[in-house]
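Just below sit the structures, each encoded as structure tokens.
What follows is a pair of complexes built around chain A, which joins chain B in one and chain C in the other.
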Partner chain A sequence: MTTFEKIRAIIADKSGEDEENITPETEYTDLGIDSLTIVEILMDIEDEFGVTVEAANAGKTVGDLVAKVEEEAK
Partner chain B sequence: MGFRFLGTGSAVPAKILTNDDLSTMVETSDEWITTRVGVRERHIAVTETTASLAETAARRALEQSGVTPAELDLILCATITADNICPTCAGAVQQAIGASCPAFDISSACSGFIFALETAAGFFARGQVKKALVIGAERISKLLDWTDRSTCVIFGDGAGAAVLEASEEDSYLVSELHTAGGSDVIHIPAYQGQSPFRQIPEGERPPVIFMAGQETFKFAVNAMVGHIRSMAEKIGKTPEELDFIVPHQANTRIIDFAAKKLNLPAEKFIVNIQKYGNTAAASVPSALDEANRSGRIKRGDLVAMVAFGGGLSSAGALVRW
Partner chain C sequence: MDRRVVITGMGIVSPIGCGVETYERALMDGVCGIGPITRFDTADFKVKVAAEVKDDFDPLKYLSKIEVKKMDRFTRYAMAAACEAAEQSGIVGNVDPAEFGVYYGSGIGGFETFVEEHDTLLSRGPGRVSPMFIPKMIGNIAAGQIAIRFGAKGPCICITTACATGTGAIGEAYRAIRHGYCEAAVAGGAEATIHPLAVAGFQNMTALSLSADPMRASIPFDKERGGFVMGEGAGALILESYDHAVARGAEILAEVAGYGSTCDAHHITAPDPEAEASGRAFSQAMKEAGYTGDDVVYINAHGTGTPLNDVTETNAVKRAFGEDAHKVHISSTKSMTGHMLGAAGAAEAIAAVFALRSGVIPPTIHYEVPDPECDLDYTPNKAVKADPTLALSSSLGFGGHNSVIALRKI
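Then we have the complex of A and B:
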């Protein structure tokens, strides 16, 4: 699985949205994700990838988050 | 020497403030508060004081325990909202109920009740006391900015108490206290006084609750998961083998996410935040009292209390009820 696919699975689980409807361009607000859900997603990412992303650095879109996680994982 | 729990009590102010009531004060709604915090209503003091709530909870705990105030050897009160700097809230309760033992307050915000239990455990271990009254009491409404919709919807006033008795068979199996000192995430400045000499620092915050929600949430979930896992492990059990978890009632989202991470069913968690909001140091003993009085927690059950909050602080206590 690519980083995007793993993160998409986490976000689909948290938001209740089907994975096929989540693209790199999808914004968190499109999925009804609130400020605490973002933290839940980032904590699941921490478990999955072993990298810490602060909520302030999570960007606006799923693609922003994928890029940040890939940058942190280097 | 260890101790066991003889009885519990709790108290809340008469006035109930619903989410709809709050919607007339700040821009919020019942739907917003219930989905993000999980509170439907809370009790707010009008004429009640922190000490009067503590006294009522204490009397109920003593009555259930069959213990008279004269028998008490120690009174501890966990609070960050004592009515006075002195006398302490514990001292006010001592006077009100007619006890004559040493009494003092303990300050560790929402983790305070477990810090107080640990303090009492030290007195029992040294054989200094036979019966102790431990209280968590708050009139947290006085520390709220009632125009800040992100914090004023969360909290409520109340008190909870437990009476402990020295026992060869120790109910207090495991305890963990943690402090990570700092004011970045949760900060409640004290009243700074009226000294004509003091220079007010730039950016000084007012004496109301400041809380960075996202950082608090992460700290809280990690604290809950960490304490529950490690306390269970210390007695050779898994979290699944614990009968009940009594968490600090800060936010249902914190409890739900921690439960998911621990892979524990919701039924294991004692949750009453819907009715009372976050009552800081009063929340764990109040939830414990509700579960005890309803018969949900029974003698012999393994009960894990876990709390987290300002300090930052967190604590866990694993007891055989």
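Then we have the complex of A and C:
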């Protein structure tokens, strides 16, 4: 699975949204994701990728988060 | 300032159906919502049955996908009931937000969430406990979520009085409107505790029926009764000042005409068999509602089916009504819904409204063996047309809380 696919699965789990409705352009607010849910998502990302992303650095879109995780994982 | 208070909307999630029309039909037909527990394996449990909310509950009817994720089951039930009630009343957008209150409770709150996050603490450590844990679990969050949904910026209070929660919430909302603290309020309660930990706790305090036969498990006032059956769900009512309802042309379903609230101050779980305080709660509600001997009275009893409750409640009715107690139509709809705990009072207030509006008393089903200590008219097995003029709904909770509301036709 690509980084995007793994992150999409985590976001689908935490938001209840179907995976096919989540794209790199999807904004958190489109899915009703607020700061508390962002923290939940970042916990799972830490477990999945071994990288820590601060909530303040999670950006606005799913694509922003993918880019941040890939950057941190380098 | 004493104002008249009326009901203009109702909503329900129950083990015998979701939505007030389905619920009314089930109550009058004597449908039993009790069956083998499906949520977990009961192999190691003495208790085998419960009254679970069925698949007709669709949380997505009123909630977005992420809201479902972020709400405990009890809040999902609460939101569905509250949204149905608000739709019926048409109150949202037609009341000053500052005059719109919420009086909504739960006996326990987010039980499943509490246990899940405790499991997470043990398996993944403190750094993985969800940031949603606290706001999802706290017992007042249903009240908070309802206020957010409707933009209700008046008083927002969570009542937690165990099994008396729903009735206490309606009674307190009634007083708030009656005395001018708000024009309208969402009132009621929700519960979702059909969970192995909760069932084990209730089972071991010997509160629950051990009958594996769904038709002989919740048998209020029957001599062979052995405890209550765990139920779940939510009820919600829109209470509104009479003048406000009339001014906006709302349909008025019934009047809330009285409320009694007392405490046994006797024992943490056992009711005071003298029934002084519980009888006084009945008397307070009747008196405020202007009871006269000419009233045809229906009591939707607490009637849990525990040996102590049903005889105590019978004695409370006798204390309040004296000789006329034998003329009162009583039933326990818990014979059908099981004990919805913090939701029970709201669900049963709705049943009492049905009785006033249709004139028909819902039955106490599965009643077979008379108990000489419970010798009143419990409307056994079949609904009865009696055209009640006054309906009372009583709830007696662990902690000794006694709450009774009085409803009238309007």
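Observations, loosely collected:
Going forward, the second predicted complex is superposed on the first by the 74 of 74 C-alpha atoms of A that agree within 3 Å, B and C clash if a C-alpha of one lies under 4 Å from a C-alpha of the other, contacts with A are read in each partner's own complex, and residues count from 1 in each chain.
Keep this in mind: a contact is a pair of C-beta atoms (placed from the backbone, for glycine too) under 8 Å apart; a residue touches a chain by one contact, two chains touch by 3 or more.
A quick note: this is a predicted structure, and the numbers were derived from the prediction, not measured.
Under the clash rule set out above, the superposition-derived model of chain A with chain B and chain C contains a clash between the two partners. Measured by the number of chain A residues touched, the leading partner among chain B and chain C is C.
Of the two partner chains, neither chain B nor chain C is touched by A:E72. When the two structures are aligned on the shared chain, A:G16 is found in touch with chain C, with no touch to chain B. Within the superposed three-chain model, A:L36 lies in touch with chain B and with chain C [touch as defined at top]. Shared-chain residue A:E48: touches no atom of chain B or chain C. Look at A:D64: by the touch rule set out above, it reaches neither chain B nor chain C. Clashing C-alpha atoms with chain C after superposition occur in a single stretch of chain B, namely 256-264 (options considered: 76-84, 202-210, 256-264 or 310-318). Contacts of chain A with chain B, set against its contacts with chain C after fitting on chain A, overlap at residues 36, 39-40, 43. Residues of chain A that touch chain B in their complex: 34-36, 38-40, 42-43, 55. Against chain A, in their complex, chain C makes its touches with residues 64-70, 124, 127-128, 130-132, 135. Chain contact summary for the complex, chain B toward chain A: residues 35-36, 213-214, 217-218, 221-222, 251, 253, 257.
On the side of chain A, the complex with chain C involves touching residues 14-17, 31-33, 36-37, 39-40, 43, 47.
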